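Note that chain A is present in both complexes that follow, paired respectively with chain B and with chain C.
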Partner chain A sequence: MDVIHDDYQVQFDEASSTVRCQGSFRLHGDEYKPILDLLINAADMKPATLTLDVRELQFLNSSGINTLSKFILQVRKHQVSQVVVRGSTRFPWQEKSLINLQRLLPELKLAIE
Partner chain B sequence: MSNDPASPGPKASRDELFAAAEALRRRVHELEEEKRDLEVMLETSSAHADHLAEELEAERNDLATMLEMTTEHADTVEDELHERAAATLLKSARELRMIVEATPAPVMISRLADGEIVYANVMLGSLFQIAANELVGRKALDLYYDAADRQPLIETLEKEKSVDRQEVRLKRPDGALIWVEISLRLLDFNDEPSILSALHDITDRKAAEERLQQQVEALRVELEETSSNSQLARTTGTTRFENLDAAAIKRGSTQLVAVHSFRGGNGKSSITANVAALLAADGQRVGVIDTDIQSPGLHVMLGQAGMDLRHTLNDFLLGNCGIDQIALDVTSRLAEPVPGQVFLIPASINPGTMAQILSQGYEAQRLAQSFFELGELLGLDTLLIDTHPGLNEEALLTMRAVQTLLVVLRPDSQDFEGTGVTVQVARQLEVPRILLVVNQLPQIGQRQAVRERAKGTFNCDVIAVIPQSPEFMLFTGDGPFVLRNLDSPVTLALRQVAHGITSVTA
Partner chain C sequence: MAQTFGKFIEQQSGHGEYLKIGFYPTSIPLQQRWRNNGLSADFLADYLSTFFPGDDPASAERKKEIKDAVSYVANELLENAMKYSYASSQHRVSIEMFLESHAVSLYSINGVAPDGIEPFQRFIQRLLSEDLDKLYTEQLERSAADESGAASGLGFLTMLNDYKATMAWKFSSPAPNSDEVAVTTMVKLPV
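This part shows the complex of A and B:
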């Protein structure tokens, strides 16, 4: 189920209900489908708390933020899970862009380290 | 007449009238129920439509939010990348400056469009004997001794994208001539297409070459006069040598190969001894003559260290013995049996004899005579002549006598420069074939690059690039290294040398 590539990796840890994203997301359009499928699958498992850990995600392009938005909308649809997004100040885009996910899901918790 | 029970005819009875009234009441009731159903349906549809509209509105809002988020994210990433690119550019420019400042070679950067110098390092200032910043702002063209020399370089640069080690004349502000080797590359400097020029001052070398050329010319005249007076250099016994006319040697006669290097200590004698062993292993009769009478050493490589050398080349040159007395058959000293034979003609290591020949001198023509006579006397296929390093009279005389000159060099700048002089002199002396052997290559991965550089620099065939090998350099076993280390990379390279030498007669 994990998406492993030379430049990026996405892994879902069921035990902790955590999706970890690493590397650089520089894909286009349909190339994001495997990642989106993994994220939707995690949302459909409806855990009480669902964590999205992007602390090691160095780069995310526009299609990438779009993919994360679709994931948040799927979680919101179920109205079951509390979403926690963990980011890092090491990559400036995270501080500026991740907070916008709360516009889709105001209850989303953001933890920038 | 109507059939409708609710519309009795004019002659309807009372019962009929009641029945008609009842039917009308039922109809009214049905209509009222239908009306209520329609009203409920209308309400349901409206509610559903409202719900759909709300959902669509919510989706529209989500999409609008996502669009805004995506746009904002794109702006953020774009800014970040732009800042990073600008920082990288700045860093690159700083690093380029640091590298160029630290480079012990004169370097400048000029704009491609108008040739204006936009950067000059301190070494360039030293070359032109003015402060580096005074060169900035001048036109590169003004640095050329002959302005016409620049355009062909620029044309080559634009076509080939690089220019390497081209010799060109520049001039100092006071008009003094400077010879340089110049290498050019295209690069963007301060966002403008520019030319990076790296220079190497070869003014002294050019002057030395000119002096050497004059000496060579004088020697050539002297040799030509000697040759015309005596056929000694051309004919001995039944073997005819026509090397002075730069023609190939006649079939079946000895091939004379001089092994030379511009500097000492680069493995020339080791290569000579080992190649002799390889040729003998191929069945050849090989002679090896040590003409390095100032610092002989070839005998050690062929198992004669500490032996009593009764007659040497020195004795022959001084007229103290005949040519038939100085050759030693050392085949049995090769430690491994070979089908061919190796004869050593050693130089003396007796201090008195060495001093005598160095102080008295000898008839130079006698040296060349020894090559021809030995070849004939011993029926040699190949005579390898180990020369004294550098360009002394013996070396020049030897070059005039041989068909093949094997130049050994190490892959460093001093040897490259010296070899350039050697090759130039050899060409002036009309040596029929000049071959290069690069020895002591530190990194085997650079073999092809070094081979191409040597071939490109000297326009000669590079027949082997021998890797650096402590085992080879420090070999102290019996006999030549190549016969004891058949699979060593050094042995393989030396086989290429042997093959390169013999291929001319194949």
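This part shows the complex of A and C:
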């Protein structure tokens, strides 16, 4: 159920409860559906710790911010998992915008390296 | 007559350093056009970064920041312009970038559907008058809970909040006695 495309890839590693996003998320509306389905599925497994690794995600448009927000909302609904978001200083948007996810889930842990 | 929101600054093509890209939105379907938005945004960002030379770590970091910001803003402006461009509009969609001494300004122009003008202007007034922090959280909650994937305004809020941009808008008719309305969105980024 991984999402593999020329410009972006999303993989869910069930063993480590980690969703890895890579490439460039500049999709249009419904194009985000397969990615959202994968994220919601990961949230619905209700692991103790759920990691969202975006260190290799070069770009995220506002529809992508919306998609990640829906994922965070699903985790918040279950009230079970601790979310860890792993980012990188290599892509400046990550330091600027990932923190906004804490608006939806203040206990979300943000690790930018 | 033109109506402006925020501190709109008129720019004149032909002065200083600038780059303009024009599109005819109805010529190919939106889906096929979409990829072009990213390519155009990256082109603008790459082009601009050559004006910020220097290989020392501080200059390289500054260049990376500017490139990232222009790429995000230009892509959002183009996505909005393509998404909301009025189908019957004779207006081309365009994006212009001006390099100034302490800022980069981007201007996108697109036609607006008549019934879209009022809600858009209401949202602009909220962006210009309300507490951004509160508004950002409100819109994030609202759009994340919304199944329809309707307009969220998150692109504009990200520019204002995360990229510290100054924004303004101008609504005008392209010709006298024309019912058509075009909106120019101005985004000024500090550099």
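Rule of thumb we're sticking to: the second predicted complex is superposed on the first by the 113 of 113 C-alpha atoms of A that agree within 3 Å, B and C clash if a C-alpha of one lies under 4 Å from a C-alpha of the other, contacts with A are read in each partner's own complex, and residues count from 1 in each chain.
The rule is simple: a contact is a pair of C-beta atoms (placed from the backbone, for glycine too) under 8 Å apart; a residue touches a chain by one contact, two chains touch by 3 or more.
The shown structure was predicted, so the numbers you read here are calculated from the model rather than taken from an experiment.
Trainee: Give one word, clash or fit, describing how chain B and chain C relate on chain A after superposing.
Mentor: These partners clash in the superposed model.
Trainee: What's your read, chain B or chain C touching more residues of chain A?
Mentor: Of the two chains, more chain A residues are contacted by C.
Trainee: One more residue to check, A:R26. First (chain B), second (chain C), both or neither?
Mentor: In the superposed model, A:R26 contacts chain C only, not chain B.
Trainee: In the superposed model, identify the part of chain B that clashes with chain C, out of 42-50, 78-86, 312-320 or 456-464.
Mentor: 78-86
Trainee: Where on chain A do the contacts with chain B and the contacts with chain C coincide?
Mentor: In the superposed arrangement, which is not itself an observed complex, chain A uses residues 59, 61-62, 65-66, 69, 73, 92-93, 96-97, 100, 103-104 for both chain B and chain C.
Trainee: In their shared complex, at which residues does chain B touch chain A?
Mentor: Interface residues on the chain B side: 62, 65-66, 68-74, 76-77, 80.
Trainee: Sort out for me which residues of chain C touch chain A in the complex.
Mentor: Contact set of chain C toward chain A: 30-31, 34-35, 37-38, 64-65, 68-69, 71-72, 75-76, 79, 136-137, 140-141, 143-145, 149, 152, 154-155, 158, 161-163.
Trainee: Please name which positions on chain A make contact with chain C in the complex.
Mentor: Per the touch definition, chain A meets chain C at residues 24, 26-30, 59, 61-63, 65-66, 69-70, 72-73, 91-93, 96-97, 100, 103-104.
Trainee: For the complex, give me every residue of chain A touching chain B.
Mentor: These residues of chain A touch chain B: 59-62, 65-66, 69, 73, 92-93, 96-97, 100-101, 103-104.
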